[in-house]
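The structures come next, written out as structure tokens.
Each of the next two complexes has chain A plus one more chain, namely chain B in the first and chain C in the second.
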Partner chain A sequence: MKIYIENRRFDLTDPSVNLLEACLSLGFDVPYFCWHPVLRSVGACRQCAVKVFKDEADTRGRIVMSCMTAPAEGMRVSVNDDEAREFRAKVIEWLMLNHPHDCPICDEGGECHLQDVTVMAGHVRRQSRFPKRTHRNQDLGPLVNHEMNRCIQCYRCVRFYADYAGGRDVGVQGCHDGVYFGRPSPGPLESEFSGNLVEVCPTGVFTDKSLKRHYTRKWDLQTAPSVCVHCGLGCNTFPGQRYGTLRRVRTRYHREVNGYFLCDRGRYGYEFVNSPRRILQALLRQGDNALAQVSAEEAIRLAKSLLSSGKCIGLGSPRATLESNFALRTLVSPSRFFHPLAVSQHLLSGSSLSLLRRFPLASLRDVSQSTAVFLLGEDVSNTAPLLALALRQAAVRAPRLAKAALLKIPAWHEAALRTAVQEEKGPFFLAATGPTRLDDLAAAPYRAAPGDLAALGFAVAHALDPAAPAVPNLPPAAAELAERIAASLKSAAAPLIVSGPSCGSEALLHAAANVAAALGKTNPQARLCLTAPECNSVGLALLPGGNLADVLRALRDGSADTLIVLESDLYRHADAALVDEIFTAAKHVIVIDSLANATTARAELVLPAATFAESSGTLVNNEGRAQRSYAVCPPKAPVQESWRWLTALTPNVSWPRWEDILAAMAVSSGDFRDVTTLGPAADFRLVGQKIPRQPHRYSGRTAMTAHIDVREPAPAADLDTPLAFSMEGSPLNPPGPLIPRYWSPRWNSDQGVHKFQIEVAGPLQGGDPGKRIIEPSSEPAGYFAPTPPASEGDGEILFTPAWHVFGSEELSVHSPGIAELAPRPYVALGPVDAGRLGVRDGAPVTVTLAGRTLALPARILEAIPPGAAALPAALADLPFFSLPARGSVSLAAPAAPEGRP
Partner chain B sequence: MLTDHDKQEIQAELARTPSRRGALIEALRVVQRRAGWVSNADVVEVAAFLGLPVSQAEDVATFYSMIFRQEVGRHVILLCDSVSCWVNRADALLTHLRSRLGIRLGQTTADGRFTLLPAACLGACDRGPVMKVDEDLHTHLTAEKIDRILESYP
Partner chain C sequence: MLSILRTIWTVFRHGFARRFTVQYPEQKRTYSPRWRGRIILSRDPDGQERCVACHLCSAVCPVDCIAIQAAEGPDGRRYPEFFRINFSRCIFCGFCEEACPTCAIQLTPDAEMAEPIRQSLVYEKEDLLISGPGKVPGYNFYRRAGLEIAGQAKGEGENQKPPVDPKTLLP
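For the complex of A and B:
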């Protein structure tokens, strides 16, 4: 389709966009507020006005809202037309009537879309003499700050929070000149996606509360392309640093992964980097059991001597980079490389990887475009939040497509589509062990123990394909549900099955695989999606190794006497008794980590590891996508990347630069073939220059360290990457994987991301970051046999894990905001068992499980099935349990609580 | 507290609308018909009864000016202040009403008898100036006529 803008001819490759998107993609700066690349058009703000002319002879034209206009063949458009400009300037003037002129004290200042558009639209003088309307602000909890006077009524916040993310506690109150965006009453925002308000709001109404405590303007932040470390999805991020501390995290767009959003764990979990628990020196245990600082050289000499027995075992880490795990494996040799996982978790990680090798896994974008969903067992809102956000879009995908086709509504016309679809949902089947925050999407969530959920999955596969094994003795209700699910998935154009390891059931993974295999036989669009527990769980699985029970065996049979533990707290991964035995059996223990924890407390020698903020490395996400994360700032010696510590201990190996270890990895295994090409090489230059991590307006470079020395220090060298720890460098937009922030002339806010995309919401210029490194086999997938539910322990109650987005992840709980939102330990019972035991909500109960007794308050949750109970998983204040497992609950007088060793 | 009668009426409304959200306005009106106005607690209860988030109910309950969110008097006077009535000197009638009742727009008389509110066009422009008292429309108003009308609302 050809259109003319300012009398220049353009060929639109995709005519399904609106005129605003077309103009932005072609490089025209059309201002807008209410349109958003994902939330699309509602035509509320009138800021995107342009002139459209019928044909060459038409000299008058008419003003249209470009976000509400479909381009038409031969259409003539003017953005710069005088009337259109005046119209836009008036709209801004009108919006500014009530907007406070408080940019200097506004946290949005310097990266404010309202500032940008005001300048673009040319409104410079206030004529109104009347008082401005004012509002009372709300305390919205520890993450998001509220300043309603700055609101320009674009409705983006509520469209994201309520309409897109399913939040129930933010709305728009009032009418005409008194609309108010907020909660019905003050209180913490309930949605785990609340932090996106900070980016979605074009002005300073919603701002980052964690940033406020150590405020820095965008132009003063040193930033780099990074990857979130707080779950297995690998969302892309921009952490920002100044004065030696990390200040905030913003979304880095990745079309296939997180799109334009992050979850609150990913956005606010960063403060562990600044935690007082950081290990900043090499530490050696003394005779009196205290740790004393030693120099890096001394630490390396000591470590080498501890390793000299030649009987050292290495424990890799699901939260350390591929590089660090690889370096450890090289140091100890592959046969002495182990995973820090209990038997059950180790099994699940192996099964997940084998499924990744069999099926093409869905990216989050694939997920959001599915038209029928079967969510089997995984509580994604708590284990993989952005996946929950994608599933929410999948749930409305089918009715939206249907209504759009029926009523001929273009896909961008959000206002019309929402009205047409109302509350209708597409096929969405949810089977879980307890309540989830996606329950509202499913007509009737199915609740059962993990084994029964797996049985349902196997039955669905059998109903889809009789060649898939049947499930004996399935209750009639489950059999009937299985038939319905199968029929629905079968008739869907893009069906999706989602599962994961967090229920602790391998059978569940097998059941999901059977469904995917059965669907795949007839529908190549069918997809499987699996979560992964940590940011590099899949990367660790690619480096095979035994489990913690194997470690104990090796220590006991004398084949090993020294342990080197890489970035993991073993007490979070296995029963404390087993871990204690391991540490007792080991003669020497060396731990490399960034935060003091129960495992570093058992170490003889502790080496300080760089966090993601100070190190560059590769992480493999849940779908097998390897992505590079770049250091935001250099580590402060002696802190360094774990792989550098390990390399220093390895004889006959020299990997001075990142590229060297990547090259060694690439030849070590077919899986790592591509690790050298995930981003531009270290010698990549843009017109002969490096890419600056600091914006060109970075201020105070000399003043910052003047209290130490008035001479400005030379910027730290970065030999590993094409990025520089400096404001000098190329002003051009770097290729996708190297973009350190979004900024371009006139676009100070992150809205300018479209200047880095090939087209609005399209791939990044110069290539999307990362690459999927696991090739699924082309062989037709076979079927797993249903296994009867196995459960350890005895007792009348089956305990399953309840994951918490805030609290169940190791690092983010060291952020004050996240810690505030994390739950206190509890045990959840269904109403039936609570009634039987005479337990009321909040009453203290005694839990007996895996040889331990815990005193916990009870929660009564409607959705917990009879005979089951849920125990919060991986909370800092609860010991590790391998769940599901059987135990009991009683109302007996509480015994003294047992904590972590 | 929602009464049983309220619940029945809301239930009946639910049967008429395709979505629970659609029944919100009517549910709020049910409460207002009984109690005269809709309190914060009422909004929470209506939301719970319809199974909707409180914020959705609050949004609707604050959008419509005819859903009263403060206690009102026994009788509510809605004086039209739109163009046709204004042309016919409605502003003088407002002055009269204010001095007669001793209150300003948006206030309630001390004895709790009248609340005075402005209203946008009441759809009787050809008979302006007009006002509504409770459910009754009064047209061709004059100061004397207003005095007489007020007498009929004890």
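For the complex of A and C:
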């Protein structure tokens, strides 16, 4: 389709966009507020006015809202027409009538879309002399700050929070010029996506509360392209650093992965980097059991002497980079490389990987574009939050497509589509062990124990393809549901099956595999999506190794006596008794980690590891996508990347630069073939220059360290990457994988991301970051046989893990905001069992499980099936349990006056 | 010949001309208040620190010699936790003063800043902060900014309406 803008002819490749999107993609700066690349158009702000002419002869034209206009063949458009410009200047003047003009103390200042548009639209002098409207603010909890005076009523916040992310506690109140955006009453925001308000709101109404505590303007932040380390999805981020501490994390757009959003764990979990628990020196255990500081050289000498026996075992880590795991494996030799996982978790990680190798996998974008979903067992809101956000979009996709076709509504016309679709949902089937925050999407969520969920999955596969094994003795309700799910998945154009290891059930993974295999036989669009517990779980699985029980065996039979633990707290991965035995059996223990934890407390020698903020490395996400994360700042010696410590201990190996270890990895295994080409090589230069991590307005260069020494230090060199720890370098837009921040002339806010995309919401210029290194096999997938649910332990209650977005992840709980939102330990019972045991909500109960007795308060949750209970998983205050397992719950004794036991 | 005599006469005549050289430092001159000399941080009319740590002066500074860290007090006012100017780098361009939205940072007619040791030219907030409003007597940013601070609730600032009650639907 050809259109003319400012009398220049353009050919639109995609005519399904609106005029605003077309103009932005073609490089015309049209100001806007209420349009958003994902939330699309509602026509609320009137800021995006342009003039449209009928034909060449038409000299008068008419003003239209570009975000609400579809481009038409031969259409003539003027953005710079005088009347259109004047119109836009008047609109912004009127939107600014009540604005408090408090940019100096506003955290949005310097990266504010309202500032950018005000300047762009040409409103320079306030003429109104009337008093300004004011609003009271709300305390929205530890993550988001609220300053309602600054609102311009674009409605983006509710459209994101309520309409897009399914939040129920933010809405619009009031009327006329007093509309108010907030909660019904002050209190913490309930949605785990609340932090996106900070980026979605074009003004300073919602700002980052964690940043506020150590506030820094965007132009003063040293940033680099990074990858979130707080779950297995590998969302792309921009962490920002100033004066040696990490200040905040913002979204880095990746079309296939996180799009324009992050979850709150990913956005606010970063503060562990600044934690007082950081290990900043090499530490050696002394005779009196205290740890004393030793120099890096001394530490390496000691470590070498500890390793000299040659009987050393290495424990890799699901949260360390591929490089560090590879370096450890090289140091100890592949046969002595182990995973820090209990038997059950190790099994799940291996099965997950084998499924990843067999099926076409869904990226988060594929997930949001699927038209029928079967979510089997995984509580994604808590284990892989952004997957939940993508699933929410998938749930409304089928009715939206249908309504759009029926009523001829263009896809960008959000207001019309939402009105047409109302509450209608597409096929979305949810089977879970307890309540989830996606329950509202499914017509009737199915709740059962993990084994029964697996049975349902196997039955669905059988209903899809009679060749898949049938499930004997399935309850009629489940059998009927399985038929319905199968019918719906079968008729869908893009069906999706989602599962994961978090229930602790391998049968569940097998069931999901059977469904994917059965669907794949007839529909090549069918996709599988599995979650991964940690940021590099899949990367670790690609480096095979035994589990913790094998480690103990090797230590006991004398084939090993020394242990190197890489970036993992073993007490979080296995039963404390087993870990204690391992440490007792090992003669020497070396731990490389960044935060002090129960495992470093057992170490003889502790080496300080760099966190993601100080190291560059490769992480493999849940769909096998290897992505590079670049250091934001150099590590402060002696802290260094774990792989550098390990390389220093390895004889006959010299990998001085990141590239060297990547090259060694690439030849070590077919899986790692592509790790050298995930981003531009270290000698990449943009017109002869490196890419600056500091913005060109970075301030204080000659004063920030002047109190220590008036002479400025030279910027640290970066030999590993094409990025520089400096404000000097190329001002041009770097290729996708190297973009350190979004900024272009006139676009100070992150809204300017479209200047880095080929087209609005399209791929990044110069290529999207990362690459899938696991490709599905072309062989037809076979079926797993249904396994009867195994039950460990005895007792009448089956305990299943309940994951928490805030609290179940190791690193993010060291952020004050996340720690505040993490739950206290509890045990959740269904109403049936609670009634039987006489337990009321909040009552203290005694849990007996795996030989331990715990006193916990009870929660009564409607959605927990009879005979089951949920125990929070991986909470810092609870010991590790290998769940699901059987145990018992009884009313705690002391409170009962009748003297029950 | 004539030109040589004319030159000698001119030189002789200048021996009796009025002298412009100032015998500094014995003899001091007053500079115009607009003189761009030693930088100070002023206070607003109620004696509070004017600087709100907006980082505009530091961003505009062409030699990047201002380093600031923002902080917020329990009274809701933002202030610089530290404010450092490295005068050994400052070129006294006055951009910082021009950029400052609160009239906090001001250049003064004090040119006598020489130090034998360069390190002594690093000034911290304590060295910069004066006790008065400097060249701009009346301005008080927080009276206009619409922010809630101790002693000034929402809507109590200058030219502001009382806060909206979002629960009412009356016109």
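In the analysis below, the second predicted complex is superposed on the first by the 892 of 901 C-alpha atoms of A that agree within 3 Å, B and C clash if a C-alpha of one lies under 4 Å from a C-alpha of the other, contacts with A are read in each partner's own complex, and residues count from 1 in each chain.
Keep this in mind: contacts are C-beta pairs under 8 Å (C-beta built on N, C-alpha and C of every residue); 3 or more make two chains touch, one makes a residue touch a chain.
All of these numbers come straight from a predicted model, not from anything done at the bench.
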Check your understanding: Between chain B (first) and chain C (second), which, if any, makes contact with A:Thr134: first, second, both or neither?
Key -> second
Practice item. Please name the chain, chain B or chain C, that touches the greater number of residues in chain A. Key: C
Practice item. Go through the superposed model and pick first if A:Ala706 touches only chain B, second if only chain C, both, or neither. Key: second
Review point. Just chain B (first), just chain C (second), both, or neither: which does A:Asp220 touch?
Key: second
Check your understanding: Which of the two partners, first being chain B and second being chain C, lies in contact with A:Gly171: first, second, both, or neither?
Key -> first
Check your understanding: After superposition on the shared chain, which partner residues are touched by A:Pro776: those of chain B (first), chain C (second), both, or neither?
Key -> neither
Check your understanding: Do any residues of chain A touch both chain B and chain C, and if so, which are they?
Key -> 173-175, 180
Study note, to complete from the structure: In the complex, the residues of chain A that touch chain B are 162, 168-175, 180, 183-184, 422-423
Exercise for review: Spell out the part of chain A that touches chain C in their complex, as residue ranges.
Suggested key: 100-105, 109-110, 129-137, 147, 149, 173-176, 178-180, 182, 212, 214-217, 219-220, 243, 697-704, 706-707, 709-710
Practice item. Show which residues of chain B lie in contact with chain A when the two form their complex. Key: 18-19, 21, 43, 53-56, 58-59, 62-65
Practice item. Provide the residue numbers of chain C that touch chain A in the complex, in ascending order. Key: 52-56, 58-59, 61, 63-72, 78, 84-86, 88-89, 101-102, 118-119, 121-122, 124, 141, 144-148, 154-155, 159-169, 171
